[in-house]
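Presented sequentially are two complexes of chain A, the first with chain B as partner and the second with chain C.
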Partner chain A sequence: MIGRPASESSPAEQPLLSVQGLSIGFPTRSEAVAMAADEVSFEVQAGHTLGLVGESGCGKSVTLRALIGLVAYPGQVVGGSAKLEGRELLGLSQHEWERVRGSKVAMIFQDPMSSLNPIYTVGNQLCEVLRLKRGLRREEARSEAVRLLDHVGIRAAASRLRDYPHQLSGGMRQRVMIAIAIAARPRLLLADEPTTALDVTVQDQILALIAELRQQMNMGTILVSHDLSVVAQVCDEIAVMYAGRVVERGPVDDVLENPQHPYTEGLAEAVAQLQGAHANGRRALKTLGGQPPSLSDLPPGCSFAPRCRYRQPECEQFDMHLQRSTATQLTACLIRQRQPRPRAGVGDEREAVL
Partner chain B sequence: MSAVGASMHDLALRRLARVRRRGIRERRWMHLSLGLGVAMIALVVLATVIQPLLPLPSPNTQNYAAVLQPPSFSHPFGTDNVGRDVFSRTLAGGRIDLPIALLITSMSVLAGVCLGALAGFIGGWVDALIMRLVDIAIAFPFMILVIAVIAIFGPGVKGVIVGVPLVGWSVYARLTRSEMLVVREQEYMLAAEVLGLSRRRALFKHALPNIWRPALAFSMVEVVLNIVLVASLSYLGLGVQPPTPEWGGIIAEGQQYILTAWWISTLPGSVIVIVGLGFSLVGDAAADILGRDLTLAAS
Partner chain C sequence: MSGRAVGGGTSAAAGVGGGEDALLRIEGVSKTFIAASGLRSAKRGDREQVRALDDVSLTVARHETVALVGESGSGKSTLARVAMRLVEPDEGRVLLDGQDLLAMDRPSLIAARRRIQMVFQDPYSSLNPRRTVGYAIAEPARVHRLVSKREQATYVQQLLERVGLPGRLAGRLPRELSGGQRQRVAIARALAVKPEVLVADEAVSALDVSVQAQILNLFETLRDELHLTMLFISHQLPVVAHVADRVAVMYLGRIVELGAPEDLFTHPAHPYTAGLIQAQPGRHRRNSKPATRRHSDIPTAELTGRGCSYRDRCPLATQICHDTQPPTVSVGSEQYAACHHAGEGSAAAQETASALSSCTAN
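And now, the complex of A and B:
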């Protein structure tokens, strides 16, 4: 439905963003440190989208925040590296970050209702970024703002410049937010559940817009979502997070069609199916029992083990490192690393996901 | 069936019309109180400004041939015990009281809003320090502190101008800080940071304009209190010194004749009431227009 670029890329090419072993800790009342992100590694190619999925509190958002230097206090990046076009981001000073943000890395949020300042017009906020980040003069900024609004699909853009945020619908505001985010031509766009607050038809349009802009501007995009169907629609790669760890990584089709990690498997099964429900009669929605563990009190070994249906005693000694389990997928599961999950009947799983 | 439906429809329409009328009535009332308030203030301010041009005796001219004269056409507010024209003195007094009250109020607002915004925005020890200063300013008996400052600077206008804002800023700081704590967590503040705007810009361009309204609306009410305060300090002999005409001073001098010559204290007092009412009406309308209920904030 929504165009996804072919994900062929030469592996020799340097990735746009390379995150290695990123760890983010939060102090707890005891001596222990809660690791909101633990040894997280992934790469994003220019013009590609990485989907970051997982349950609430698994470290998706905090990982994203670290990539723009805004880990919420009192959290700290405690280790790892994140290189954007070869340049290390972690450990930049406040001043250096101010120059990276907006012009190299941009971010859009979940709630377009509150992410625009209510007392300034849309044009004012858009022009502010254009003037500060691209050094345009007042008149240039204005015409560029019109062009940008037009570009993100806002009709009668010139007259919309004078509108205040409350005069726009949710979908329009998210379009404006996207226009502001791409105003300074960032190389990497971080999208933190950009469509969660929107209704389904608008959701599709916004996702299509992000996909289109990414292609045109050759941006890398990271899309955080807990909606697998959204991820399946627009992402090239997927990284599944659980309790601060990446438990599975790979091309989105492979991962969703043939999930290796039991957690991914559970997530894929839990997607509601409308299609075929009648043919099969009523079927209860499969859910994943239990809850993610508290980050300050992780179980020994594999942190997913207590909820895992394939659990073995030796899982309690497993260090959750990622290892290739199929040709394209990396998995942090002891069982799958020993014996990959065979591919299910073709078409079967795909239907379940889309 | 359809008759019932029609009557319900009518009822709903009538109810809508009633709600609309009420809305119009409330808006009209708000505009009326704003207009009335502005008119009252403007009247007094204009009169004080053009006082030297009016065909009146100068405020300090004594006329022993006409002492303790009741109000008449040539002396609208009567004369005092040394034959000075009370109307002329009252208007001249306004040229001292009004600017001082406005000055000390705006100094309080400016200092309070800035410090409160900083406290809320930066947090940490800056917040703790500023808020403890607020506690001290509020806990300390107001009059005593002002009198102490006046004791240092000596009686006169200077003591009032320094002393009152020294305490007055604290209310605005509290008000603004609490607003800032709300605004700071708004997503558009995060968005400003994510776009790489500097913290100073985020504070001044994106946070401050969202939070000064309650302080401004409250300051309208405080102008009244400050006019009375300046007059009270002069009444106590701590503010503007006689024979300079000043509202509190005129009232204080007149009070010994209150039984025989009521006009000396009462008529200047009623001018204070008019100005006070004017600012209250404007403040009320401002609170409405700026969309905040100030009953909580002011307490």
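And now, the complex of A and C:
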């Protein structure tokens, strides 16, 4: 693993979370180790949201799990560092993680039905966190639980405490998950596709809720999503992942308006748009040809090269390090590092509506 | 209300848009499910009734794509299943090319089902994990006796190519394929019996954007090449805007608005449509202020009595909305809405939109 991103300058203030060169490996049948995350680096400021996007299998979820010590066996963190308020997270013991989880870092999962315990009431699960992590007594925990449920927008919160997860709708369950996640006032909130299973109207409410809580509590948030429009709506920064690598990073508006990496460009183009779909009558969506490579059998050099329309022979030697290509964007593309994509490019009108 | 009333109920919309060349005609279909939610309620006998479809009429013309949109529980999947008679409605008729599916005996129903096929959301659970791709594709054709055993292999190859897959995949098992490839196989399987109507139930919802775009383009190509008629169900409005000729917006078992996507998505007449559009994620709303009204959830389709089913979430609701069910009225050329306040100007729709999505407060 060579080519540590040298050109990254950190902002003046210390970031809430600083991830440097995070690598997560999974053993394969052969000798080789599949790198689900390879030299991943990013930062999250307090009160900001980072969007982590990419197709299934690109390593976004496993990266998130590493930050809360939940990389599933047999995968393991094989290198790098992740500092939360200056404190190293990687390599904590199970015992130490117990103290960090919930109170420093909390996570919301995609499917609240399978992440809530079906045989305990909502009140039970919420009070457990409050008593363990905040040391509240039974009655205090109960009234705090009511306050939290009300805070995340659940009506008649006191009576809802006696409900089991199956008695709630999808949106309500996700609200309960959020209430549990913020119960111990974490500094960093990790959200893995928190709205993917929800209807758009409910998604809208949940996204707004997360944004509101983030502001109130000055939390840093990482939102994993495959939906670029969701990321565009709620995130400040974006990191695009492909085959375990961060291929582009920057402020969300800059990246989506003027994507530097050909993969980001392809993703942005493939999104169906509500407006403009009929401007020129029916037209085919632009697509990225091909499929993401298998992590245990990556092509040499740039792993996106086989699908890339700008591919050059040198790309097969490229080590995919991130480097500044515009004032605000870092990209891991040889072509763009030499010559950034100009702002007023082809297909601009399409990206502008996103 | 400037619109011309076309009738008392949604069934009046039956003649709308379809014209003479209607291939699929759904007339006044209703379906009530009995919610058996647990032992206790089942024993008590006073079980909750869910009105999944309430007097729904829809006509799909030959070579037309009609999209059904709405939140979960709106009845869109039930309607699609009724169209294939996978669900028996309590009332109404389903006509495929003039023949009533609901009146058919078993042999004629099987023959009719060859003409109408379905693609499901999750290709992994709709394909037999222990059968090869080739088997999965050939099976329906064999059942309907469309190909002989000898021609079978060639037939599978042709179908695989048709959906953009290499012929060598015929020997593979579903688990060896990616999600996009599996969905292509599911489409090939549906096409194997040379259907005229293809029902796609959230067929692209589980796919990554880049794959989603590929499959959407495939649907477009197939539609043109094979002259397919499509009923396309999705909760993703941008996807629908891309594929549909007409869009039917459903809410709690009723079609509340119907029209061409370019009209419906730019000038929604029903406050619910406006709300759905407003709730679409996108960059434009990132800086909007946090929620003002967060307590909102999708109600279930329990029997709600008279009046408009949307009244409780609708900011335009007035007394009439509580008293009478709104008739379907024409609100533009080929655009219809079931709302007492339909077409009360776009300003009203806009106001509605922000109130429904309930976390915009500009």
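Everything below uses one rule, namely that the second predicted complex is superposed on the first by the 335 of 354 C-alpha atoms of A that agree within 3 Å, B and C clash if a C-alpha of one lies under 4 Å from a C-alpha of the other, contacts with A are read in each partner's own complex, and residues count from 1 in each chain.
Rule of thumb we're sticking to: a residue touches a chain if its C-beta (ideal position, glycine included) is under 8 Å from a C-beta of that chain, and two chains touch if they have at least 3 such contacts.
Note that the structure is a prediction, hence the values are computed from the model and not measured.
Using the touch definition from the top, say if A:Q337 reaches chain B (first), chain C (second), both or neither.
neither
Contacts for A:Q215 in the overlay, against chain B (first) and chain C (second): which applies, first, second, both or neither?
In the superposition, A:Q215 touches chain C alone.
Who contacts more of chain A, chain B or chain C?
C
Quick one: is A:S41 in contact with chain B, with chain C, with both, or with neither? Answer first, second, both or neither.
In the superposed model, A:S41 contacts neither chain B nor chain C.
State whether A:T121 touches chain B only (first), chain C only (second), both chains, or neither.
In the superposed model, A:T121 contacts neither chain B nor chain C.
Considering only the contact definition stated at the top, list the common interface residues of chain A for chain B and chain C.
Looking at chain A, the two contact sets are disjoint.
For the complex, give me every residue of chain A touching chain C.
Those residues of chain A that touch chain C are 55-56, 153-155, 169-172, 199-205, 207-209, 211-212, 215, 226-230, 232-234, 252-253, 256, 266-267, 270-275, 277-278, 282, 284-288, 291, 353-354.
For a test of understanding, state which residues of chain A touch chain B in their complex under the given definition.
Of all residues in chain A, those touching chain B are 68, 70, 94, 97-103, 106-107, 109, 111, 114-119, 128-129, 132-133, 177, 180-181, 184.
Can you tell me which positions in chain B touch chain A when the two form their complex?
186-188, 190-199, 201, 205-206, 209-210
In the complex, go through chain C and note every residue touching chain A.
71-72, 178-180, 208-214, 216-217, 220, 235-239, 241-242, 261-262, 265-266, 275-283, 285-286, 290-291, 294-298, 356-359
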